[in-house]
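Structures for review follow.
One chain, subunit A, links the two complexes that follow: it is found with subunit B in the first and with subunit C in the second.
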Partner chain A sequence: MLDKADGQIFTGNVRLVHAVGMHARPAVKLTKLAKKFQAQISVRVAGAAEWINAKSVVKIMAMRAAHGSTIEIRASGSDAEVAVAALVDLIASDFPDGA
Partner chain B sequence: MQGGATGLAYRGRTASIGFAHGPFVRVDADTNGERVAGNLAEEALALRAAIDTASGQIADLAGIAGGEAAQILEFQVALLEDEDFIEAIFTSIGEGDAADVAWRSALDTQIADYNSAADEYLKARSSDLADLRDRVINILRGGEGHALKIPSGAVVCADDLPPSRFLEIDWTSGGGLALLRGSPTSHVAMLARARGIPMVVQLGAIPDIGATALLDGEGATLELDPSAEQVRLFESRRESHRKSRASARAILRRPTASWRGERIKLFINIQGVDDLEHADAQYADGIGLMRTEFLLTGGGGLPDEQTQFQAYDAVLRWADRRPVTIRTFDAGGDKPVPGFTLDGEANPFLGVRGLRLCLARPEIFAIQLRALARAAVRGNLKVMFPMVTSADELEAGRKLFAEVVRNLQADGIAAMLPELGIMVEVPAAALAIASFKSAFFSIGSNDLAQYVLACDRSNGALAPLMDPLHPAVLELIARTAAHGRRAAVSVSLCGDMASDPRCLPALLNCGLRELSVNASALAQIKQAIDRLSSGGSLG
Partner chain C sequence: MTDTVGIVIVSHSKDIAKGTADMVRQMVGSEVKVAFCGGNPDGGLGTSVSLIIDAINDAWSAKGVAILVDLGGAETNSEMAVEMLEPARRDLVVVCNAPIVEGAVMAATEAAGGSSLAQVKAVAEELSAD
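Entry: the complex of A and B
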């Protein structure tokens, strides 16, 4: 699911399977995980105009990503590739507890 | 009941019964007066310090509260740690805004945004944001240590009160809660009832005056700066309530309740295994309704078979030989469960909920049925399905259950099919009651009334219409009870009506002889039956 765009930027996309969409609990988990990486990470609902900082819970909530929508992830920086893979995994596995 | 010289009196709605006489304390953040702003650097430092203090307070609260409440609080912490969001507030302080003004404006924008969402989950989150907004502002205004300093035994008055604020107040020496808005079905009302704190909601506008207050959770009244006469009347109401409680407790110890020579069986409803710790639970004839949704929201995702088995087994062991009726997962409607319920239903109360959802998610349902089949060999277990519309659904559930039992037995695991029954809460089921091959029926009067009366039970504006004693509701209850008599199948009622003494005569007259009530209402209901039997009124 990952493709290398241009040397520095890594991207991925994943379907949001969480039953209530991107709500408080998943948004908190997503930002917590994103903050573990040095990389600059952005996300958006597929096709949306604006990329959103994956480390901001306020902006993630404001994204209003619904159940079944596709989330695009883009990262650049030293650990960008791992970061994209980890976030894809978190969303695909429906934000398991302990993640 | 507006009074002049005698002190002001207001009437609201009961959320939790009890009496409180104490200092009157308003806790709205808006009434604390303005703070004096410092220079740019001081304002930035003040906000930084307030945010740190708030983070610490919330972390402490999450530690005490645990479970679902902790998850709600975790969202507030994440917000305080959101650098993009916080930096924007410091930028506006840099441009000359006072710390509290900048903070409030940023939070209010978010709250307005959440409130404008069509999505109910997001709307519900706006009260968490308001909670956070007020907490930080209170700290900025000098509430350094703990944000709320409430004298013991106070009647606390607020517009509305979020659960985190309620948990912060020390209720050990009593007190009461008077809300200008609020709802008897709110999370805070549940907390108040669980702790026996009197609570009255929807009091409307109340002037910001008053040193002492009388709160009567039974009559749903709040009296400010009462006269000696008002205090005397209040104390006599409190005393008669206390006596009535005491005599109810004496009646509770009698082995059985009866009415017109017929035995009335009184069971209790439990939300989880903890509810068995209620002192009165031991006097019940059994468990009439064990809800299992607590297993879905306990954190750690959907519960595995062993976790479920242990919970069911613990209740069966407690009950000894008494019957225990466990209701399979009743998720959906107003009880969404991530990873289980469907999202985006326009009308979730009429959507895929209860047994409908379980049949749609057999992989999740089968785990519960396995745990129940194993528990069935350990005691007097009955299992009921919620939200059943047609007999085919009961049969589909039975088929799945029987298959689970066969598989367990094939693996050499002790298991059996328990008695299977249904909740009667869909009007169609009540009307076609004879079509169900059900070992017993349990009337879920809350949903039954909601569906018959076409009133969303969480919508406060419909409260006057939402009358469980409406003849249409009673008609369906009577039909179900009459069918039970004819078919020799037991019929009980486990909704809120059963715990309300005012509904008791109607329920008995409908032909019901089994009721399942909250443990805290058991004494009062047994006493009410006793009074009716001896020809007295419910007074």
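Entry: the complex of A and C
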């Protein structure tokens, strides 16, 4: 597949303001949003050794990011820039209902 | 959103089945069809093949149906229910080897993104992989 942004990686950082950290409901919302994009998207708690596939609800739920931690996002693919912006917005706005 | 894989929850207890379905609807949303059944026809604990078939029909999707079960009989009765479906539909229904509550939420989350039945089953079963 041709991809004009192939190879280009977009990144974002956002502080997790959710009161109890990355628990079940936020994890489901993050994964559902990530799946709407074609881009490959990874996240991690800032400085963590491993990047986690943002489209894997099992892995996102297991990452146990704490309240106040910074989440790093990186994405590559045709809609990577939009994907990073959308995920940053979701986390920064504390996973609103209907998101 | 196109059609999504349906989810069926089969527990020995109707309360557990209903509570699990409530969690899926509240956490994942309404874009995935969720049906549940629990208890025997007399109102006691147990599972019933005919109620499982009804639930499969309620959650039916052209992309298939993933069933989450609790203990022993729930699994064997679910397998029996699948065998009693018309041959054309049998291959579109799978019983997942996963914990019922976690498996249902994970499977529904995966289904909501439009994933195939095989992908939905694989995500639910990731939970029991390690």
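The definition used in the following text is that the second predicted complex is superposed on the first by the 92 of 99 C-alpha atoms of A that agree within 3 Å, B and C clash if a C-alpha of one lies under 4 Å from a C-alpha of the other, contacts with A are read in each partner's own complex, and residues count from 1 in each chain.
Rule of thumb we're sticking to: a contact is a pair of C-beta atoms (placed from the backbone, for glycine too) under 8 Å apart; a residue touches a chain by one contact, two chains touch by 3 or more.
Quantities reported herein were computed from a predicted structural model and do not represent experimental measurements.
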| item | value |
| --- | --- |
| Contacts of A:D94 with subunit B and subunit C, given as first, second, both or neither | first |
| Partner chain in contact with A:V28 - subunit B first, subunit C second, else both or neither | both |
| Subunit B versus subunit C as contact partner of A:R74, first or second or both or neither | neither |
| Subunit A residues touched - subunit C or subunit B, whichever exceeds | B |
| Which superposed partner A:R44 touches (first subunit B, second subunit C, both, neither) | neither |
| Touched partner set for A:V20, first subunit B, second subunit C, both or neither | first |
| Partner chain(s) touched by A:K36 [first = subunit B, second = subunit C, both, neither] | second |
| Subunit A positions touched by subunit B in one structure and by subunit C in the second | 24-25, 28, 31-32, 55-58, 61 |
| List of subunit B residues in touch with subunit A within their complex | 71-72, 74-75, 78-79, 81-85, 110, 113, 117, 119, 121-122, 125, 128, 299-301, 336-344 |
| Touching residues on subunit A, where the partner in the complex is subunit B | 18-21, 23-28, 31-32, 53, 55-59, 61-62, 64, 66-68, 94-98 |
| Contact footprint of subunit A on subunit C as seen in their complex | 27-29, 105-106, 109-110, 112-115, 123, 126-127 |
| Subunit A residues within the subunit C interface of the complex | 24-25, 28, 31-32, 35-36, 55-58, 61 |
